[in-house]
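As written, the chain order gives the labels A, B, C, D and E, with residue 1 at the start of each chain.
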C-alpha cells in the first residue's frame, strides 16, 4: 500500500494549522466544526486508531475551552495532538461539543471526565453522568473560577492546632507569636497568584515577629 | 445515605441481584468499587464506581509551583510511582527546551526499570491472591521490599522517591550502589525457579487463569488497552521502543508477547517483562560507570521559576501501560494545566466493564487484578 | 480532643471480675483483626508489614475482610469525602471494642492535600482515633510501632483508659454527628442505629444527644430491626 | 457405664477436642507461616482469638435464627465429638456409629447455613450454596471410604474398627488406595485450597462469615477447632489404627491434619464445578478400585 | 359386624354426609369430626398392628363364580392410619381461614372436601382388599379419586397434568388387569395366596411378564422411574391441602401393593431367579429405586416453585422406600416401610407450610419470596422440622428410616446403591436448603413487610404433624412394633426393636441416645453462646455488609435464582439433554393419547358418574376377557 504522507491527509481539512514539533509529535489546530472530520480522516486513512487522551484546558481569559485530542498511530509511530477551541458557555448555557465516541470507544471515559470536571456536555456520548464526583454538588471543580483553596478554608476547620502545652508556651511569650492564619486573613493569601505576593506576606510575618521580639527585649 | 434512600420502593420482577465488589473488599485493587448485577453466578452487567481516591490532583497542581508539584505527582500511582515523576519532568523539560544530562538520563532509566520490577513483583502476588493462593503474595511483597531498600539507598525514599527534577536527578548514586543492584538482580534471577514452580506453571492456577477475561487484539485496540495487557493480545507495542525516551534506544531488550489475551497471558507477559527489566538493568550496570558528567542541567531558582509558554505531551511506559502527562504553561510560576493520562483509566473502567459482562463471579476479581488496574490513576 | 473522656465505671464487687476483665483485655491486645480496606496510598506499606519480611501475624495481627469481623480500622492516608462516608459506615458497622489508626499525615490534618476540595482534613472530627502514625508514608516499622502502641494502650486500658476511644463515639455521638452533617448535609443518615446501640450497651451520656441528633431524628427514615412476631 | 463416667465423657470429650483443635489451628497457621517464610503466630494465638471474640463488647445479630444457627453449628460439633471415640472414653460413642457420625457432621453445616441465611447477605448465601455443593462433592468419596472401611472391618462402630486394627493391621496398610481417597475427601472436608471455594475472600468476602461478629465469629472459630480435630481423629481411627492412649492417637491426628495443610498453601482454589469434577473423579475411582479388592 | 365393618360404615357415612353437605358451611366443622371418628375406628383395630389377628369383613360380594371379600392386615392398618391422619390434618387445615380464602378466590371448596373424602374412602377400600379383584376395584377407585382432586385447580396446566395422570393411571390399570388375568387363567382363582402358587408354576418368561406387569402398574402409581414424570406437576397443581394429602400418601398406595403382592407373594426367591447372569430382578428393582432417588431429587433442585420442588422430592423419596424393601432383610424393609409414615408426616407438613406462605403472600415462586422468618416464625419452625426430616438428618424421623436403609445396604455390600442413596440425600439437603432460604431467610421484600403468621386453624395441623415428625424420630420404638407386625404379616424377617431404635449385632441405633447427645450439644452450645458472649443487638437488614456501600431500598440484595450455579455448570447440560429428551418423548406419547381422553373429560360435572361408568365398563371388559380365557 502506498503510504500517503500525513500532511496531505491533514491538509484536506479546512483551516488547519500543522506544526511538526518533533519526529513523533504533530500539533494541529483546527476549528471546532472540522475536528470530527479530522479525527475521522486520520483514523480511517492513516491508521491513527489509538486515542491516547482528551484534555480540556480552561482559557478563562479568552472565555474559551481548549480541547486537545491526542491520537497515536501504531504504524506511523506518531502522535497527533489536535487542538480546538470551543465557547466556554455560562452557568445557564453550559458549553457543548460533539462526542467522538462512535470513532473512539475510550472517548466515553475522557468525555465523561471533562463533563464532570469542566461541565462540557458532549452530545452523543453514551454516559453523560457523574462518575468520579458522584457525591459532589458544587460547580465543576476544574474550572479556573472555582477557588479550591477558598472552598477548603470555608468548609474545613483544619488549622486549629492548639495543644495546651503549646498554648502555655505562647502565653509565656514563646512559640509562634503571629499565627499563620492571622496573616492569611490579613493578606488573604489564598488569592495570591504569584510567589512574590506570598513573599510579601512572608516579609510581613517576619516583620511582625521581629516586632514581637523587640517588644520582648 | 439520605432518608429517601430507605423509603419503600417496589422491586422489579427481575431475578437479578447485586453484589458490591469494593470499596471495602479484598477482590478490588485499592479503594475502588465495582458493582455487579448477577444472575446466579453470571455477571449480567458490571458498573465501575470510581472517585474514592479523588484528590483533585490536576486542580492541586494548578495551585502549586512547578517544583512543588514534583512532590505530589508520584502519589498518582502508588505501586509504580517513578514513571510519574519522570514523565512530569520530561514534559516540563520539553516546554523549557532543555534536556537532562546523559548521565541523569541513564539514572532515570535505571529508576524506571527498578520501579517496574517492584510493581510486577507486587502484581504477581495480588493476582495469585484473587485465585486463593496467598503464598506468592508473601514472597512477592518480600522480594519487592528488597527493591525498595535500593530505592531508599539512592533516592532517600522507600516508596515515593521524588528523585527527578526538571533538568536531571536530585543526587548522585551512592558508592557501591551498582554492586548492590547487581547482587539484587542475581537474587531475583535465582528466585525465578521458585516463582515458576509455585505460580506460573502451577496447574490449578493455569486452569483458573486460562481463558479468564480474554481480549482479542481488535477489542484491545478498540478499548485503547496498552502496556502488558495489549502485549498479551499479540501486539508488540511498547512506548519504550516505539516512542523512545531517555536512553531506551541505546538498550537491548525484547518485547515479550503472548497471543491468548487472557489473564494467564497477561501474567506471563509480566513475568517475561520482569526478566527483560533485569536484562536492561544489567546493561545499565555495565555502562553507567563509563558515563561521566553532570546529573543536572542548571535551572533557575525553583521558587521563582517561570516556565515559558508552551505545552508538551510526554509519554512513558509504566508497568501498567502508556502513561502520559499533558502539561500546559502560560508562562507563570505554576502550571496552567496538567492532565494525567493514567493507563488504568482505560483498563479499570471500560475494559473491566466489557470483560466482566458474561463472566463468572469467580473470575471478576482475577480479571481486575490481571489487568493490573491502579484505581488512583482513574480518580487522580 | 478538647474534653477528657468520661468513662462509665460500674462498681464490680466480685474480685474475680477484675481478673477476668484483665484476661479479656490481655487477649484483646494479643489478637487484633484489622480490616482489609485500603483507603489511600498508605495502604502500600501494609503488605510489607503483613508479609514475610515484617510478619505482623507474630504480633497476633491478621487481616480480616468485613467490618463485622475486624477490630482495627486502618485509615491509610487521605480520605476523600466519598470515601469518608463509607469509612463512617464501616466504622459504625464494626463491633466494639474497635480501634481506629490514622496512618499518614493526611489523616492528621489533610497533609499535602490541604488545599484539595475533595479530601476531608481531620479524621478525629468524624470518628475517635486511637493512634495516629504520621509520615508520608510511614515505613512498615512505624506502622508496627503504632500497632504496638495500640496494643499497650489496650493492655493498660483498665488502668489508664487509653484504649477506650471507641466509647467516645457513643458518649459524644452528637459531636461527631454534627461534624458529619456539616460535611455531608443535614439529611445525612446511615443504616446503622448508633443511638439505639448506645442505649442497649449503657454507653449513653448527656452528650450523646444534642441538636444534631434531634435533627437526625426529625428527618430520618427509621430503620428498626424486624422482630419475630407470632401474631 | 456409671453416671460419673457418663458425666466425664460429656464434659471432657468436647473439651479435649477443643484444646487439641486449637493446637491444630496453631499448627496450621505455623505451617502456613513457614511456607511463606514467616515466623507465624505465638503459641496461644488461637486461644487469644477466641477469647477476644467472645469478649467483644458489642455484636450484631440479624435475628433469632442467626443465633440459633451458631448454636447448632457449635452444638452439632460438640455432639459429634462425643460420638467420636478416643482412648478411655468410648462409652457413649458405642451408641452411635460411623453412619450416625457422618450425619452428625452435616448438622453444623445446616446450622451455619440457617444462620448465614438469616443474615440476608447474598455473599453469605453464595458461600453457603458453594459450601453445600462442596459437601455434595466430598461426601461421595467420603461415603465410599466409610463404606469400604465398614465392610472391611465388618462393623459400623468406630470402636470395633479400632479394635480390629489393633488386632490385625492398620487400615492404611490393608487398603492403601482407600486411604488415599480418604485423604482427598479430607482435603475437601476441611475446605482448604484447592477446595476453598466457599470462603473465597476475593470473590464473596469470606462468604458465610461475612456478617459474623463477636461471639458469632467466635463460634465459627470454635467450630474450626472441632472440625480439624474431628477430621484428624476420624481419619486416624479409620486408617491409622486409632490409638490405645492419647500419646499414640494424637501424633497420628496431627500428622493427618498437617498433610492437607501443607498442600493447601501451595494451590489456588478451584471453581465449584471443578471441585466436583476433581472429587468425583480421582478419589471415587481410587475408592472403587479399592472396594473391588475388598468386596 | 366386625370392627372392619364398622370402619367401612363410618367411612361410607362420612362420604355420604360430606357429599350431601359439601356446599354448606357446616362441612368445615363436620369433616374433621368425621375424620376423627374414622381415626377412632382405626385405633380400635390397633391390635392388628401389635401382632393381633387379621380383621375380616363380614361383607362379601359374589361375582361370577368368585367371592370378593375384604380384610385388614397389619399392612393395611399401617397404611390406613397414615392415610387417615393425613386426611384429618388436611381437613383441619382447610376448614378455617384457608377455606374461606379459597372460596373467595372462586375455588370449589365443597368439591375439595368431597374429593378428600372420596380419596380416603377409596384408599380404605383398597387397603382393605382381600383378593385380587377387590384390589383391582380399590385400585381403580383410588386412581379416579386422585383425578377428581387434581382437576379441581382451574389452571390449564393443572388440567393438562391431570389428564396426563389419568392416562398413566389407565395404563397402570391395564397392566394390573392383564397381570390379574394371567393369574386367573392359570388357576381360576383370584385369592392373594394364589399368586405365589401360580408364580411357581409359570414358565420363566411368564414369570418375568407377570412381575413386570405388576411392577409397571404399581410403579406408575408410585412414580418410580421411568414413570415419574406425571406425578410432580399433577400434585403441585392440586389446590392447597389437597396437595399435602396427595403428596403425603396417595402415591404410597403403589408401595402398599408392592409390599402386598411382590414382596409378600413373589418374594426374594422369586425375584432372584429371574434375570440373566448377575442382573436379577432384585438388582434391577434396586437400581430403579436408586435412580428414582437420584433423578427426581436433582430435578427438584432445579425447580423454583416451592410446591413443585416438594412434589418432586415426593417422587424421589419413593425410591428410598423401594430400595429398603427390596433388600428383603429385617432392617432394610423396616426402613422402607417406616419411610412411608415418616415421609407422609413431613411431606404433609411441608406442603402445608408452602400453602400457608401462599395464603399470606399469594405466591410460591421461590424467586419472589424471602425473609419471611420474622413474619411467620411458627411456619418457619414447621418447615425447619420438615426439611430436617426430609433431608434425613438427626433427630427427626427421616433419619431413622434412612439410617435403616443405609445400614441394610452396607450389610448387604452394595456400595454403589449406597452411594446412590447418599447422592439422593445430599441432593435433598441442597434443595431443601434452597427452599427454606428462598422462602424464609434472606432479605424481606418490602411488599411482604405486613405479612402475618397464619391463623391457628392452619397452624395446628402443621404443628401437630411436626410433633409427629419429631416424636417418631426421637422414639422410633413407637412405630417399630407396627413395622414388625407388618413384616411378620408379609413374611419378611422381623426387626428387633426397642423404644429408642433397633438392636443389631454389628452396630444398632438408639435414637434416644443420639438425640440426647445432639440436644446436649445444642445445650452446651447455647450455654456458651448466651453466657460466655455479651449481649447482641438486632439490626435492620440494610445494616449489612455491602463492600462498604450503603444498601438502599432499590437494591435487590437477595440471592435466589439459580441457587447452585457451580453444580449446574457441571450437570446443567444433563437436564437439557437427557431429562428433557426423555420427558418430551413421553409427553408427546401421552398427549397423543390424551387427544382422545380430553374430549371425554372436558365436561367436568359428571365426574362421579364417569368414575362409576368406567369401572363398570372395565368389569364388562374383564368378563369378556375372562370368558375368553
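Keep this in mind: contacts are C-beta pairs under 8 Å (C-beta built on N, C-alpha and C of every residue); 3 or more make two chains touch, one makes a residue touch a chain.
Computed from a predicted structure; not experimentally measured.
Taking the definition of touch as given, a chain qualifies here only if it contacts chain B and chain C alike; those chains are A, D, E. Taking chain C out of the picture, touching still joins the other chains into one piece. Distance between Cα centroids is largest for the pairing of chain A with E.
With respect to chain C, maximal separation of chain centres occurs for E (centres as means of Cα atoms).
This structure's chain pair with the greatest number of C-beta contacts is D-E. In terms of Cα centroid distance from the overall Cα mean, chain D ranks first.
Distance between chain centres (mean CA atoms), chain A to chain D: 60 Å.
Separation between the centroids of chain A and chain B, computed from CA atoms only, is 23 Å.
Centroids of chain D and chain E (each the mean of its C-alpha atoms) stand 35 Å apart. Between chain A and chain E, the centres computed from C-alpha atoms are 75 Å apart.
Listed for chain A are residues 133-135, 141, 146, 148-149, each touching two or more other chains. Looking at chain D, one finds that residues 36-38, 55-60, 63-64, 122-123, 126, 197, 201, 205, 210-211, 214, 271-272 touch two or more other chains. The residues of chain E that reach two or more other chains are 371, 373-374, 377, 444, 535, 537-539, 541-550, 557-559, 563, 565-566, listed in rising order.
Touching chain pairs in this entry, ordered by label, are A-B, A-C, B-C, B-D, B-E, C-D, C-E, D-E. The touching residues of chain C, when paired with chain E in their complex, are 37, 66-68, 85-86, 89-90, 93, 190-193, 196-197, 200-201, 223-231.
Taken together, the chain C residues at the contact with chain B in this complex read 35-41, 43-45, 47-48, 50-53, 65-67, 78, 80, 82-83, 85-86, 90, 112-113, 115-119, 136-137, 139, 184-185, 187-191, 219-221, 223.
Within the complex, the chain B residues that touch chain A are 48-51, 54, 56, 58-60, 62-63, 65, 221-224, 226, 235, 237, 242-243, 303-304, 313, 315, 322, 324, 326, 328, 332-333, 336-337, 339, 341, 345-346, 349-350, 378-379. By the touch criterion given at the top, residues 371, 373-374, 377, 380, 384, 388, 391-394, 399, 403, 406-407, 410, 413, 415, 418-419, 422-423, 426-427, 429-430, 433-434, 436-437, 440-444, 506-507, 509-510, 513-514, 517-518, 520-526, 528-529, 532-539, 541, 543-547, 557-559, 563-567, 569-570 of chain E touch chain D in their complex. On the chain E side of its complex with chain B, the touching residues are 367-368, 445-447, 449, 542, 546-550, 552-563, 565-566, 568.
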